[in-house]
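Presented sequentially are two complexes of chain A, the first with chain B as partner and the second with chain C.
This part shows the complex of A and B:
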């Protein structure tokens, strides 16, 4: 599969603050990517740079084969749905949809109408009078119906209730299956999207902590608990991300090659083996006091 | 879908189970990748990987332009494989737990006989 985005050593500074620190990655065509990380990690800045709404301080960037900044050809293929999209003062919902139709060559009017129905959006209401949830629904509708080859959803569903979010996920999956395209989904509701995303990019303090297939992550991460000595034996072959202790009992979150043979060995030692969800992993990786640096020193001095 | 195991494997296993229990008979069409993705709320590429594994395995075969079908002989083959895995997957952990609780082999056998007799 080909690459739609390449970032090479991208750095963004705002005065003294480094929002993105020498970030390199690629986005694969027709894949749903999860862009994860805490508030302020640099997710939005990264998406702004990829969509030509901001400059990188340094680094190489290619989006749909070209540089995105003030490049109509690239931007016609890119849709960026922001958490706090603003619309002209007196726009009604239908005006916003018309503007989107004019902007995106791949726009599907029928699909947009079906989504408006799904989310029960009042077409003639002024956008500024929409509730927070309805405003999010409008963004989601535009992002889906635009069918842009490269679509970014940045926390698209502030205020959307659980039912509306499920509608979003279901429509996204169904439409993506029919019309494959590259999607970047940035969200804090990781459990809700963990089965939808194929590839995970985790950012923390402007650096990429994880750039990996979601399926691989599912097998690489385990929580092992039991007597200290037995846990140590298992931890010796893995990277230790976290450890909790209660008397002689230890619970460690480990990352390593946990194939069926290794799993048998672990349970054979009398240890409990439990899976780690993507959300738990993100919490573990990003809650240490100095982020990536602590990854290698969590728990013990030298986990290797 | 369960945490901790690749989703594509779980998709493949669900289809295998349906073939073994007869709800997907041989020479019938299996749901499309997109239908599987929508039903299980998973990524279509992941669903496709699960289906493709069964194709590589000869359990499913592709009819060009129509879809995927269950191969003749798939049921017996899968059943045989599951029987082989049964001891490892079920008997082994059962014995391990029994040992922890001090339940001996004889006691375990009589428990099984008792339950089996109730059916």
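This part shows the complex of A and C:
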């Protein structure tokens, strides 16, 4: 599979703060990427730079084969839906959709109309009078109907209710299956999208913490629970991300090579083996208070 | 691939507002002038010459500024490059200026035909703006739209890029640019010569020639400002 985005040592500084610190990664064509991380981790800044809306302080960047800054050819194939998108004051919903139709070469008018129905968006209402959820729905509709080869969704569904979010996931998956494209989804509702995401990019304090396929992560990460001694034995061959203790019993979140053989060994020791949700992983990796990226540091507190 | 036209059409989606505000306000100004001078204009030699026309220019400047504040973040968010956006805004302003120039010319024809709306009023073509050549007359109407429009665009971009302090710096620079020559002229006692120079200029050079140069400078300044402006 080919690469649609390559970032090499991308750094962004705002005065004294470093928003992105020597970030390198690639995005694979026709894959749904999850760009995860805490508030202020640098997700939005990264997406702004990838879409030519902001400038990197240093580093190399290639989007759809070229540098995105002021590049009409590249940007015609890019759609960036962000929570903070503003619309001209006198625009009604239908005006915003017309603008999107004019600007995105891959725009599908029928699909847009179907989505407007799905989300029950009033076409003649002024955009600034939409509720937060409806405003998000408008962004989601534009992002989906644009059918851009490279689509970014940055917290696309602030204020959307559970039903509307499910509609978004369903339509996204169905349309993605018919019209494969590269999608980057940034969200805090990690559990909800964990089945959608094929590749995980975890960013924390401007650094890439994790860049792996969701499938690899599923085999690498386990929760092991049982007597201390046995858990210690298993943990010796793995990274320990977190540990909870209840009397004599220990529950540890581990990252390592848990292939079928190793899994058999673990269960053979009388330990209970459970998968780790993506959300739990993200919480474990990013809840360290002293310096990001120290995977061995145990997490603080339970996520739930 | 040319995205300038689509980016321009985005501005035209709500085109009625582009027409309604400037011309609505011009019409208001016209009606007030008409009523006012119908009452008191009898004894003015050569008929009343009004400056009411300036209202349409001011509104156009404001609306050009709004094409930045409203549409720049929106367009950039929809994957338009700064350069393309700027070309679109410039094209829009050019079209608007030409259209308004022609419309004003038509109004002038009516004004002439009705002998100044029956009271010899010079509203659309006050004597100092007059040219007998239609093309030149349209140019005289059109170019000031470009100057004020590009000024509005430039000021709004300064605001976008450097915030409110940028606007203050711009104001101070403008004041100095106008004030320093004024001080110099006063100090050297050149006012008479300056007045004579202005008097010697035709309406065409005064309202279309020199302003065209100014519009070009302002357009260039705007282009330089937008290059690294972020929404």
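Throughout what follows, the second predicted complex is superposed on the first by the 293 of 304 C-alpha atoms of A that agree within 3 Å, B and C clash if a C-alpha of one lies under 4 Å from a C-alpha of the other, contacts with A are read in each partner's own complex, and residues count from 1 in each chain.
Convention: a residue touches a chain if its C-beta (ideal position, glycine included) is under 8 Å from a C-beta of that chain, and two chains touch if they have at least 3 such contacts.
Only a predicted model underlies this, so the values are computations on that prediction, with no experimental measurement involved.
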{"item": "When chain B and chain C are modelled together on chain A, clash or fit", "value": "fit"}
{"item": "Which of chain B and chain C A:32 touches, first, second, both or neither", "value": "first"}
{"item": "Most chain A residues touched (candidates chain B, chain C)", "value": "C"}
{"item": "First, second, both or neither for A:222, with chain B first and chain C second", "value": "first"}
{"item": "Partner chain(s) touched by A:117 [first = chain B, second = chain C, both, neither]", "value": "neither"}
{"item": "Touching partner for A:173 - first (chain B), second (chain C), both, neither", "value": "first"}
{"item": "First, second, both or neither for A:79, with chain B first and chain C second", "value": "second"}
{"item": "A:99 touches, of chain B and chain C: first, second, both or neither?", "value": "second"}
{"item": "Distance in angstrom between the closest Cα atoms of chain C and chain B, superposition on A", "value": "27"}
{"item": "List of chain C residues in touch with chain A within their complex", "value": "1, 3, 6-7, 9-10, 13-14, 17, 70-71, 73-84, 227-228, 230-231"}
{"item": "In the complex with chain B, residue positions of chain A that touch it", "value": "31-32, 169-170, 173-174, 176-178, 195-198, 214-215, 218-219, 222, 267, 274-277"}
{"item": "Contact footprint of chain C on chain A as seen in their complex", "value": "48, 51-55, 70-73, 75-76, 78-80, 82, 85-91, 95, 98-100, 102-104, 142, 148"}
{"item": "Residues of chain B touching chain A in the complex", "value": "1-8, 33-34, 37-38, 40-46, 49, 93, 96"}
